[in-house]
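By letter and in written order, the chains are A, B, C and D; residue numbering begins at 1 in each of them.
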Amino acid sequence: MKAVEQLRSPLRVFEKLESEVRSYCRSFPTVFTHARDYKLWDAEGREYIDFFAGAGALNYGHNNPKIKEKLIEYLMNDGVTHSLDMATAAKENFLKRFYHVILKPRGLHYKVMFPGPTGTNSVESALKLARKVTGRDTVISFTNAFHGMTLGSLAVTGNKFKRKGAGIPLNNSISMPFDNYLGDEADTVNYIERFLEDNGSGVSLPAAIILETVQAEGGINAASFQWLQRIEEICRRWNILLIVDDVQMGCGRTGPFFSFEPAGIQPDIVCLSKSIGGYGLPMALTLIKPEFDVWEPGEHNGTFRGNNLGFVAAAQALSYWENESFSEEIKAKGERVRVFLEKLVRQHPEMEGEVRGRGLIQGIAVGKDGLAEKICAAAFERGLIMETSGANSEVVKLLPPLTIDEAGLNKGLQILEDSIKWCKKGH
Amino acid sequence: MKAVEQLRSPLRVFEKLESEVRSYCRSFPTVFTHARDYKLWDAEGREYIDFFAGAGALNYGHNNPKIKEKLIEYLMNDGVTHSLDMATAAKENFLKRFYHVILKPRGLHYKVMFPGPTGTNSVESALKLARKVTGRDTVISFTNAFHGMTLGSLAVTGNKFKRKGAGIPLNNSISMPFDNYLGDEADTVNYIERFLEDNGSGVSLPAAIILETVQAEGGINAASFQWLQRIEEICRRWNILLIVDDVQMGCGRTGPFFSFEPAGIQPDIVCLSKSIGGYGLPMALTLIKPEFDVWEPGEHNGTFRGNNLGFVAAAQALSYWENESFSEEIKAKGERVRVFLEKLVRQHPEMEGEVRGRGLIQGIAVGKDGLAEKICAAAFERGLIMETSGANSEVVKLLPPLTIDEAGLNKGLQILEDSIKWCKKGH
Amino acid sequence: MKAVEQLRSPLRVFEKLESEVRSYCRSFPTVFTHARDYKLWDAEGREYIDFFAGAGALNYGHNNPKIKEKLIEYLMNDGVTHSLDMATAAKENFLKRFYHVILKPRGLHYKVMFPGPTGTNSVESALKLARKVTGRDTVISFTNAFHGMTLGSLAVTGNKFKRKGAGIPLNNSISMPFDNYLGDEADTVNYIERFLEDNGSGVSLPAAIILETVQAEGGINAASFQWLQRIEEICRRWNILLIVDDVQMGCGRTGPFFSFEPAGIQPDIVCLSKSIGGYGLPMALTLIKPEFDVWEPGEHNGTFRGNNLGFVAAAQALSYWENESFSEEIKAKGERVRVFLEKLVRQHPEMEGEVRGRGLIQGIAVGKDGLAEKICAAAFERGLIMETSGANSEVVKLLPPLTIDEAGLNKGLQILEDSIKWCKKGH
Amino acid sequence: MKAVEQLRSPLRVFEKLESEVRSYCRSFPTVFTHARDYKLWDAEGREYIDFFAGAGALNYGHNNPKIKEKLIEYLMNDGVTHSLDMATAAKENFLKRFYHVILKPRGLHYKVMFPGPTGTNSVESALKLARKVTGRDTVISFTNAFHGMTLGSLAVTGNKFKRKGAGIPLNNSISMPFDNYLGDEADTVNYIERFLEDNGSGVSLPAAIILETVQAEGGINAASFQWLQRIEEICRRWNILLIVDDVQMGCGRTGPFFSFEPAGIQPDIVCLSKSIGGYGLPMALTLIKPEFDVWEPGEHNGTFRGNNLGFVAAAQALSYWENESFSEEIKAKGERVRVFLEKLVRQHPEMEGEVRGRGLIQGIAVGKDGLAEKICAAAFERGLIMETSGANSEVVKLLPPLTIDEAGLNKGLQILEDSIKWCKKGH
């Protein structure tokens, strides 16, 4: 019976040929074919609203038309596609655009490193560099942090299941409590400070502190700006490098281009990926304060550092940041989402819900075991793609493209409400 | 003076904005703009022959027209570009093509994992899985191996400079001598066997042995087929998983699609990347024998597992493998290169040259200190892009696109000869 | 000048021939020759009161006459002195005595392991066994813990200076806050519980929790009995082994034979050393609940597991524990010390003193930087041997032999008072 | 039945109360009571010849009468017994004696460190110091090395069973082939040199090379003097510290006081323990070239560094080394043993025996599986204590006290011969 069923499954090819490790295709069991902005369509022509946005890689929507145009033009002209870390006109253009549109107006001084095309490449390069600069071994990371799946990044990631996947002990990292981890009354920075001040604490002076300003995978935990400032002070006091992993929160997810801007802090190293490639193309940057750019040539490398389609798309995507309007728009949409979610939580107290997040990374932490997953499954049935986050999949996460229009946002929120109601009925 | 000079340098934007880690752009100091098959052009319109091929990522040449066509078509149709690991039509098509064109005809049984879009992602996933399957910690790798820059892959990479970049001790790996490492008379497999047989050797039973059949970065060291067979026997005898990192040697570089085919071995896990993406687009696969596909869903993940442009390009690139002709062609070109290099070595004994390699990964190990780098620099002056390899940059490496035509191959070889002659004159 | 001075120094032989690592002989710069109970004499015939007691190895005083008698008798009879872990009559006698005098009356069920003759041997064996029993890697230890100088024990020791001595990263351990580490209001067990409950905390389920009930080296930090009970509960809840390192606090230092008795907890493994050897002879035990005694024969070994002089002395020393009187005596002396120290602290508020400890391990944490060391130096000048503890040497530590008589105790306390007064005068 | 048997067993107390880890008491299942020189007696009055000598801790025999006299005298006079690392007259006397009797006549310049009373304490201190001096992480050790059971020492120990006992991966060490490990024709130093010379070998420059000149536990593998000299050359060439672990081979076991003397090498650090304590009392030294004595005071410490009974015994034991005669005697006895063993091997070819060792550490490597253990068991039945060594217990090891007289030696050898003959008969 099961075999017959599988043969008829739309995913039968994947079930037969792809590894068991596949994951999201189990939550969203259909074969997608087309996409545009906040919409996806599957092979049967069904339309979906996307509140997942490639886990933050599609801030500018699927197949953004202006970027697409540039890509096709570049392809047709036989622009260099793959260039390792050789100089190309596309890379040069991106570097100049990034400098003029992003760094200079914000008064930020960073050298740009292309560490390979994914977030974990960027994190690994940041950790290496911090250790080289300081000559120290350990790195402080936070509870419920997510920084990547390669061994260096995994060592600073909190999730037990992912960590266990390493198959060996993950070392040279120390997990400290994130903002609010111990409840409202306890300031976790005091805790960290106590360990660093005390010569008998068993915690050595770290090379770096690495953090996300909002932990998306970890359950949408948003650090307060004051907490971020205090962490920065700690870094300054002990000459610890501050690494902000803005892979998911950067590129406008919380409103400003860098998520740390409103906190007024200046990280020593910034990791960018996901939406930096504009069109969902693999690309990553590591931004380094010039005084810490002590790499030897080639000390870190990688085959796909020079994905020029990424550079072309990224350069075009930066147009969104030439003035304040895009950022304002995100904030307004975020406000809209906040109000809606607060209302849902009030109207459905049995969810034991708590609204979390900032900008267009928001969600509801659901107190009832397993309910968050049911809501997301119900939403998918209704044409909304949305995933849970948190170590126990306890948070319903809304992560729409930043470019989503009002109609799309409303429709998605409506489906969310319907799904909650449907679950409430005991389905 | 220096400041002024820099401002006039064609690379001044990169010098000002990019990290010191940049590397190849120092050996090939110009800004490239266009590319096609085995040719590159820079901003001043100068043409270059490419004997580097994206370090093996461009086996089908730059901007291969048939693949380009498919990419543009896909883009214009708004096919899904970024999909995490959700099912898409493009991915499904690739999986089917890979099964029918590559796996099935070779009698190979592998599940396909998409571990993230780069070689190091594939290696990290392979190491994790081998540790999970066996419950063991260490992995045997080889002298002069190159497997990647993230912490897990770096631990099985031989290069001292790269390893030191980790900033922390690299552990849970054991470096064993590659084929021929101790000279002709000593069979290094005996050595490994001695360590594994002896309960007092200090070397524990490893989870896996990971190897490249030809070490490109490590100095073009080609393992004999017999050596590979004996390594496989060791793996079978002790239930060690055999991982072949075919990232650079796969996709036809040595002739057959998989470099290990002529040795008649069947690795338990195969890492593929670089040219699997067809067009130089970031993509990687981890092939896993079904019995070892013990992953939990999502135990390893990554944002760019679903780079659909890669799938589209990859599916088209597989057309080269629908019959034997492409493979035959590579072998013929390889033979042509071999003959030419042997002649050069004979005619220029002062180089103390030794021809190394197989198929279209060949080169000359140059005995004279620093000469290999000079030859490559001279070649670049003459319009040929070619890099050195080996821990001391002692090997002149030829890595043209597999699709290069006779004229291109001849022209490149001619420039190599000219460069050697010019260096000989004491320049 | 300095050279001449050195030659005349009573320590000139040590300065010339012994390594720079020597430590206590710098604080107590004289050559000791004889000792009895709580008194030491140096080569010039000067008498010292000993409030240091071999860092807890001389609970029964120097050269305890009853034990001495047994030792001389054993030596004269050519009893086996060194026996590895072969069976000897002396060892048999010790085992029986330990069972009947210590274990049985307390209702404790432990197998006795002889792990080598020092505390760190015992701790290393305990850590190995906990990892074997649970199949887990990490061990939770506490801030300001001290467990030994070999690599395994050092990894669970808090002191930064000692840790750095390892020369390599110390891994597979997690430092958690000891009782009261975060001030009165924060219960540190809640903190630990939070990390263990949360699947995203970055802290994996440990093999064991290792602790001292009173941290002597760490600054005389006494855990409350309630805190110890809650730690035990955590261990039971998650099947974590509870290891009590009673090397310094055991053998009556806090009053009862085992320091954990009044807390009513039953550790899974107990480490004993220092005074277990009775006469200051190297000896250590690892006590193991029978269900966890899963060692293979010889899986841990060592040359000096069978120091029979130690067994002879230890067996005799157990006579102190045949009834309650010794324990009562210690408590009474401890009370006497407590009252005296409280008075000192009140009378000398400028010390910013805080009395700490329990039984005959008590001291004053001195708020004023460097003052504790000055007090100890002044005491030595006056014939009292007493050392500081704490990561910044901020605690004046009183650790007299448990057998000290009233006169000795009073005299020592008087010298302490005199020393404080003298320091107060600005010396 | 078994329960009843156990209750009657002479070892019933041990079986009931002692941990399963006990080991030698299983091979030699009786309760020993008295001992003198090379003889032991058990509770039933049976006499045994000791060819085990406390695994090398009893080079001067059991209860050596001259040493015993000094011990009793010291005890009766209330000399300081336990002194941490404070200065005592007994320690001073030992230091002077060691300097005048051992170091000075040999032209050796070492500072003396007291690292704690066991061999593994000495090894741990040596490894720490080498890492501190060089700032490097890894240490090269050898196949079949034995250096101790604490985590640092265990990482440089070869035995798989012992290593596994750690319960965690043992890192920061590299196992290289000992002399002759790859057969006669391959010089293993070449192998090591190849790895160190090659920047791509995956083996980083180590802090130290640690070795035993004869590996006793590892199967009595004696390094040739030439091999030791070449290892020293390697250390000099790359500024690697040479650590000789002379814990078992020192104090005359191979003839000279230090086993490395005839090779003419000068290690940077020497580890001594076992027989340095003269009487089987726990004691250890770490000898350090003055230029490498860069310890901070107290950077390594331990409770039993000052075992003054050990100092008293050790000082007296050095009398054996005031002239050449003791050393000559050992050589003569060694020669006698060698001739006898060679004869046995010739007369019993079915053993497939090979005579190994030097001085009074010799033995027969037995080709036939399990036979070595049977021979030792048969010997015990006949009143000879002798253990096997080697990772598979394949070597019959002779390790008599150096002070054994001719009668004792002959009697022991005769029992060995009888045991072999008895085993031959198929028992």
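By our rule, contacts are C-beta pairs under 8 Å (C-beta built on N, C-alpha and C of every residue); 3 or more make two chains touch, one makes a residue touch a chain.
Because the structure is predicted, anything quoted here is derived from the model rather than measured.
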item: Set of chains adjacent to subunit B and to subunit C; value: A, D
item: Maximum centroid distance from subunit A, chain identifier (CA atoms); value: D
item: Distance between chain centroids, defined by C-alpha means - subunit C, subunit D (Å); value: 30
item: Rounded Å distance between subunit A and subunit C, as computed from the means of their C-alpha atoms; value: 49
item: Interface hub residues of subunit A, defined as touching at least two other chains; value: 137, 161, 168-169, 172
item: Subunit C contact footprint on subunit B (complex, rising order); value: 168-169
item: Contact set on subunit A toward subunit C in their complex; value: 137-138, 141-145, 156-161, 163-164, 169, 171-175, 177, 181-182, 186, 190-191, 194-195, 198-204, 218-219, 390-392
item: Residues of subunit C that touch subunit D when the two form their complex; value: 10-11, 13-14, 17-26, 28-36, 40, 43, 52, 54-58, 62-63, 68, 71-72, 75-89, 91-92, 95-96, 98-99, 111-114, 116-121, 124-125, 127-128, 130-132, 137, 148-153, 155, 161-162, 165-168, 172, 207, 247, 273-274, 279-282, 286, 288, 293-304, 307, 309
